[in-house]
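See structure below.
The letters A, B, C, D, E and F name the chains in turn, as written, and every chain counts its residues from 1.
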Amino acid sequence: MSDRYLRGVEILQRLHGHPLEKVTNAVAEIAPDFARMTIEFPFGDLYSRDAACLRTREIAAVSALAAIGAHPQLRVHIEAARSAGCTREELIEILMQVSIYAGFPAALNALAACHDLLATQPRAQAAE
Amino acid sequence: MSDRYLRGVEILQRLHGHPLEKVTNAVAEIAPDFARMTIEFPFGDLYSRDAACLRTREIAAVSALAAIGAHPQLRVHIEAARSAGCTREELIEILMQVSIYAGFPAALNALAACHDLLATQPRAQAAE
Amino acid sequence: MSDRYLRGVEILQRLHGHPLEKVTNAVAEIAPDFARMTIEFPFGDLYSRDAACLRTREIAAVSALAAIGAHPQLRVHIEAARSAGCTREELIEILMQVSIYAGFPAALNALAACHDLLATQPRAQAAE
Amino acid sequence: MSDRYLRGVEILQRLHGHPLEKVTNAVAEIAPDFARMTIEFPFGDLYSRDAACLRTREIAAVSALAAIGAHPQLRVHIEAARSAGCTREELIEILMQVSIYAGFPAALNALAACHDLLATQPRAQAAE
Amino acid sequence: MSDRYLRGVEILQRLHGHPLEKVTNAVAEIAPDFARMTIEFPFGDLYSRDAACLRTREIAAVSALAAIGAHPQLRVHIEAARSAGCTREELIEILMQVSIYAGFPAALNALAACHDLLATQPRAQAAE
Amino acid sequence: MSDRYLRGVEILQRLHGHPLEKVTNAVAEIAPDFARMTIEFPFGDLYSRDAACLRTREIAAVSALAAIGAHPQLRVHIEAARSAGCTREELIEILMQVSIYAGFPAALNALAACHDLLATQPRAQAAE
């Protein structure tokens, strides 16, 4: 295990308490090297740098992922953003703001995809 | 309720007989202000202008939404386009034409996503 | 020359008075078969069908091309849309409406890219 | 049935042993002409040309489809790529490489969407 | 002039000291109502809300705009982000991080498009 | 300099005879660490693996980059693909094929952007 991998795992544990998302787990079965690289480059190489704090990085992650419609990863980073100090209200506001840059469907579909993570009360996830 | 909101609701009722789509309903639970803005800006500000008729606007909506793959909103606007005077054949043709601009997968996936709305006979929605 | 090609050229001449755009001319030098296919499939196969009129097709083209940011082709279809009966005001309105689906930058950059074609007075094209 | 259609069907049978994908079947019900065009242009016009072999074409198809997130078509072309001589390892590697051009979510979601097709052992498809 | 417009102008002046970008100026000539809406909805309706501070909003804007490749707007928001308190180093880091979500070309082209705004020393803008 | 960097530089020299593209040079001035990472991850980590040969990797690169419209990087990989054994005719064919997946504008604009690199005779680059 490379230093880069260990640095990445450490950051993921601070953000999630668990190192891998569901998609990455499925991927790890057929492409274990890529599951490792998904920790090494994003988290080991970039997130570990001091030039931006984790809160700043998670705001950027949530906004970019909602803009491009990558919902499985958006859900992971909504949770990470909460760990990094973003409030529920802030995250909803950031997803609303994505309507400016990527259109109303991008914002609406992102909010719907993260409905259960952003609701005040736990309940069944909204049907898309 | 702003004038913009009331103008938007009036247009939605002409197009749908009902004001909100399923995605927007889910969104309204966690971001009620954004559900309101989704009526105010698109429908209250833009659709209410005379420079283009509702039929023209719905052709534009269907084509753009299919091109970018926003299927929940595409389904809403396929219904709105029917209310605004587009025929089933025209809408199928517009989705076919999207293959030119955004590729065959965009056109095929849009047609499949709206299969039940565009079939001559009601039946169970096609599995994607 | 196939029937499909001849049908496509006839439609392009109705829309433009000239058969090929600048990008297509550059392409024709290195990929003459693709320049031919660009007439055969979009215009010979699709545009020649009766299920949608040219005005409807050009509204759909302008909206999809603005949404995906294909500016050279958008410019060609803004001209074609004028030939097919769309007014300057309608086309501006359709580009404004794209902000709903694909965001404000898509709409602003499309309007800027077609500034000279949509201005009431001819003048030098706006710098992007 | 046009020569182009027959040429396209012949290629599809070499690649799949069966001519149509599930999405295309759903589409064929509401837009039979488009199902025909989906064979005529991509397979009859382009794939039948000698300038690139089927293996080269399927590598290009898999990479482009993963980059734009067209998962139903990606699955079809993963199978076609196997028929054209690509190994399971090569295809996993190409999907990994898509992370460079279109980001880690595009690569991860493509790998997850094709999990069952790329696993060494048959099993239930991974939940996304 | 609506309250929404005045609220939007006030925020733009805090961020830029000047209310309109070059693209918006070109747009204002052919679509003055859309130039107004570009201030009313994004800045008057969304940016004026308290749920997220301007620094958070500009981090989100820069990340989304780089991810979708909207370079004219990205340049405007790089400047706004500086006014809202982001450092040059942070903004470079956010653009680097976009490589994770949208690929290396998105990050490289965004950094190149903003080269002059992010250099420590003023110089001629890098040729793309 | 890491082993990953040195592996990446070695591959780039095999493909280009020179290690960095123009965009990357501009980026290196403001984000030298990212210029390094652009060699380490894509070339040091991925391209150096045996699971796919350089010819296969470059076909995948050209197809994905044309599909997403990343023209500066597409130009670099058209040159790399030639070094890896692809012919001019094959590369033109791959760009034509992109029309299937990402639409005619993506294919036409990619061919136009690489016109000078794909022409049989050197001449001034085609104006886009």
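In the analysis below, contacts are C-beta pairs under 8 Å (C-beta built on N, C-alpha and C of every residue); 3 or more make two chains touch, one makes a residue touch a chain.
Everything numeric in this text was worked out from a predicted model, so none of it was measured.
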Tell me which chains count as touching both chain A and chain F. B, C, D, E
Counting only C-alpha atoms to place each centre, which chain is farthest from chain F? B
By Cα centroid distance, the chain farthest from chain C is A
Chain pair with more C-beta contacts, A-E versus E-F: A-E
Between chain C and chain F, centroid-to-centroid distance (C-alpha), Å: 29
Distance between the centres, which are taken as Cα means, of chain C and chain A, whole angstrom: 38
Interface hub residues of chain C, defined as touching at least two other chains: 33, 37, 41-42, 46, 49, 65, 68-70, 73, 92, 96, 99-106
Spell out the part of chain D that touches chain C in their complex, as residue ranges. 33, 37, 40-41, 45-46, 49
For chain B, which residues count as touching chain C in their complex? 41-42, 46, 49, 51-52, 56-57, 59-68, 70, 73, 89-90, 92-94, 96-102
Sites on chain D touched by chain A in the complex: 69, 92, 95-96, 99, 103-109, 111-112, 115, 118-119, 126-128
Please output the residues of chain B touching chain A within their complex, sorted ascending. 22-24, 26-27, 29-31, 33-34, 37-38, 41-42, 65, 68-70, 72-73
Per the touch rule, the chain E residues reaching chain D in their complex are 99-106
